[in-house]
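The following block contains the structure, expressed as structure tokens.
Order of writing sets the chain letters: A, B and C. Residues in each chain are counted from 1.
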Amino acid sequence: MGWYAGIDSGSLTCAAVLINDRGALCHSEVVLTGARSRLASERALLQVIGKAGLNAADLTAIVATGYGRERVDGRTSAVTEITCHARGAVALFPQTQLVLDVGGQDCKAIRLAPGGKVIDFAMNDKCAAGTGRFFEVMARALEIDLDDLGPLALEAQRAVGLSNMCTVFAESEVVSLVAREEPVANIAAGLCSAAAERVRSLAQRVGVAPEVTCTGGGALNSGLVRAIERLLGVTANVPAEPQLVGAYGAALLGLENHRGAA
Amino acid sequence: MNRITVTRRAVQVVFFILLMYGAFIWPRHYETPLPKVPAGVPRTTLYNRNRILWVSGKESVVDLYLPALACRFTAKGGLFKSCILHFFSENFTWRTSLQIMLPHIVWLVVLCLLLGRFWCGWICPMGALMDAMTWLRKLTRWRQIHLTPRWERFLFYLRHFLVWFTVVVSVLIGYPWLGQGANDALFLIYCQICPARLGYPPLGLVNPCWTDNTNSITMFLTVLGWFCFGLFFLSFAIPRFWCRICAIGALVGYFNRGALLTLEKSAQKCTSCGTCRRSCVLDLDDVYLERRRPVVTAPECQLCLTCLEDCPEPGCLELKFLGRRILRS
Amino acid sequence: MDELQYFREIVTTDRRERELAGYHGRVVGCYCNFVPEELLLACGAVPVRLCSGDAAAERAAEAILPRDLCAVAKSAAGRVQRGDGLCGRADLLILPTPCDAKKKLGPVLGQFKPVHVLDLPPRKESPSAQAFWKTQIRDLVPVIERLTGTPLTRAALRQAMDLINRRHRVFRRFLALRAADPPRITGQDALFVTQASFTDDVGRWTTQLEALCERLEQSPPPAPAVRPVRLLLTGAPLIWPNHKLIELAEADGARVVIDEFCSGTQRVYQPVELRETSLPALLDAVAEKCLLPTTCPCFVDGTDRLNRVQELATTHRVDGVVYHCLRLCALFEMEAQAMQQTLRARGLPMLSVSTDFSAEDRGQLQTRVEAFVEMLRG
């Protein structure tokens, strides 16, 4: 029996998954990247094979993706997160036409042809506005847990308009809003719609389609997903563990590559 | 290297000799039967033209007209009968029946539709003479003079005016109202000012009819004829200058866009470098400017193909006959 | 390969600077491709193109120029200010005015060197614009004549035009090697070849490229295991040492089989015919050659570049187009959308990336370019 590992070495977290040769996701592990992505990916990989009770030698392929893909030791290949997210999203939702990935420090919109082939993609600039990092900072400013931000936003009466999306400026704006005793839920909703705006503009660059799948850690934020759905006028597919989609796609690519070669 | 130009020069020399001296080589002169004129209609200038226009006393070797300056006033009558404009002006004046004219008209239209103004660029002996002048100029390193757009515009109107003026006058003098004097004076009005009438006979070592002082009209046309003959020599500084006035070319030009021989351009391959415009003997910018339609044979284009030869983009310009490629840049 | 090494050496070392240090004639620094090199050569001057992609010079120029200015303009100014290499050697700088930055660069460079500004018309297809440009070139003649003390003659200009034409004929032969499948040379090496022509002696460059072509034509074609993805690069010029984008594009087994840069293919592409050979006719032909075929987005109408990219994509059998936007150069960025639409209509994918001379966005850029290549590979 062959085992395939996918490692998504992102800027905030590093996810590792293990699939068997039928493509089923067997084990997964997410660790914080910290300062050294090389160590984080190593740790994630070791933990995930430990869970399965395997050795590194039992793995047929290790495919690395994400920002730190070039620094994953022992990888058999490195593939960009765009291809991996697309592959993972298609494996989970075969009808997917548009993948919206909100990651730790960037977001992307990936347009797929029927059959899952990438035909266009767009990424945000080198700026963390509207990404996982952005929400992390904002949650801290709101003095709530990051996981609570989404559900809280769904309860909001109205969304507060934010004048600036720069993480640094938005943080101080949030702080002053809190000081003005604006309900936290409204601020959270405001943050979610502002971030969704960004995602929408990316989606529009590649072309909006009805079958949307949200991936990446950002998809854990239900408030953000709802805001995106509202702006795009669609119902988005959200995987159970969206933060693993990239790593899962990478592992699937490893499996397919191996089959292709054999 | 410059294969097209070399071929064209060779073709021009061959046709120059053929058209100018064909009658010397094949002295089998075709006798045209006199046109049938309905009873009671004066035969107007039919018998008087010798006085106005020099003729060799012989007709051509073959009874065929050409859409190029195969002039009937060439020494010994020439190989072909005459140019296309002469055909129309003569026969309109004579009121030749359509039955007699039709085969000739069909022949001329077919020639025009086949090759368009390729006749001007490759066959016309006048064109060859003008090209020789340009060659002489380059040899002596004189610079080319470019006409201003206003002059080009003026000459455009002039040559089209000449076509229709010639046709209208030819038809009018076919009727007796204008009187014998006017008829005699205005017969073959375009030929009277065409530089070929004065230029061709001396090349066959005979004298053209230099002057005609019958009346004020003929004297005016004599002077105008000399003036145009002088203009012809402007071709030394302005390449193919007479082509810019020539009514024969303007007439053939009406067929140029519809002709089967076309110059086509691929807009995508074009880099707009302007080489075609600089190369063009007639300073045409149609090839340079065209961005959408493939066919770039303007009514003025003589298909001399210098643009095709100079175009640095492979396949950008193509010479096609019936859609089939013959040459490409 | 030794033949390639020559071009790398010209671009990356100070070899030309050392050669020209011992040269007694005049050296004229040029910017862009609008300056008629034929004219300079005919008067006995050595033309060198001083455009630069030097990030250090760019930072240095921030002392005399605003920070929010395109890197090409800043870096050009920085090099002149510091007297770098051939910028120090040049006796005169000729500066065309395609964009606002270059327009206002004249007085800035003028603080350090004599500058002659060549005014460019805002569109190139109108007769008045062309007449204006020809006047600009005619007015340049006495400037060069005074500088070198050599009057311009018909014979000398013709000879110079022949020299340049020969260079461009060889370059077209070289392009065929890039169009081959698989391409015989990497895009970056090809960029070294074209950028060596910035400063190199025209005749020697031509001879060297002939040798390189010979070598590439005779050596067996490379046989890669997988067919490399064939890319076309267009947009703002990549100029040494700013080869970041092309390095990344080719890192993953893709090949830039053709570029459409003014610092690349365009630079040595256009020949000029010699049908009318009087001095004014030759000057006009050279003037038109410098203006009409350029695809610089500084002109109102961008159709020529759309056509050019499509044509190159066809002849070089390109799989995808990478469009380089230089940050703070609005011109290229504004044309990107029209390009995207045109190429999409033809089913040709295009990736637009926006970057500058700095190395900090290398990772981001790499992800984009790599993902694009993966996408093309399918």
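One rule holds in what follows: contacts are C-beta pairs under 8 Å (C-beta built on N, C-alpha and C of every residue); 3 or more make two chains touch, one makes a residue touch a chain.
Since we're looking at a predicted model, the values are computed, not measured.
J.: Please name the chain that ends up farthest from chain B once chain centres are defined by their CA atoms averaged.
T.: The chain farthest from chain B, judged by C-alpha centres, is A.
J.: Please indicate the chain closest to the centre of the assembly, with centres calculated from CA atoms only.
T.: Central chain is C.
J.: Approximately how many whole Å separate the CA-defined centres of chain B and chain C?
T.: 48
J.: Using CA atom averages as chain centres, what separation in Å is found between chain A and chain B?
T.: 77
J.: Between chain A and chain C, tell me the centre distance in angstrom, where each centre is the average of that chain's C-alpha atoms.
T.: 41
J.: In their shared complex, at which residues does chain A touch chain C?
T.: These residues of chain A touch chain C: 67, 79-83, 106, 117-121, 123, 125-126.
J.: For a test of understanding, state which residues of chain C touch chain A in their complex under the given definition.
T.: Within the complex, chain C contacts chain A at residues 349, 354, 360-361, 363-364, 367-368, 370-372, 374-375, 378.
J.: Could you please specify the touching residues of chain B with respect to chain C in the complex?
T.: 138, 141-144, 149, 267-275, 278-279, 289, 291, 306, 310, 312
J.: Which of the residues in chain C end up touching chain B in this complex?
T.: Its residues touching chain B are 124-125, 127, 154, 270-273, 275-281, 284-285, 288-289, 292-293, 303-304, 307-308, 310-311, 314.
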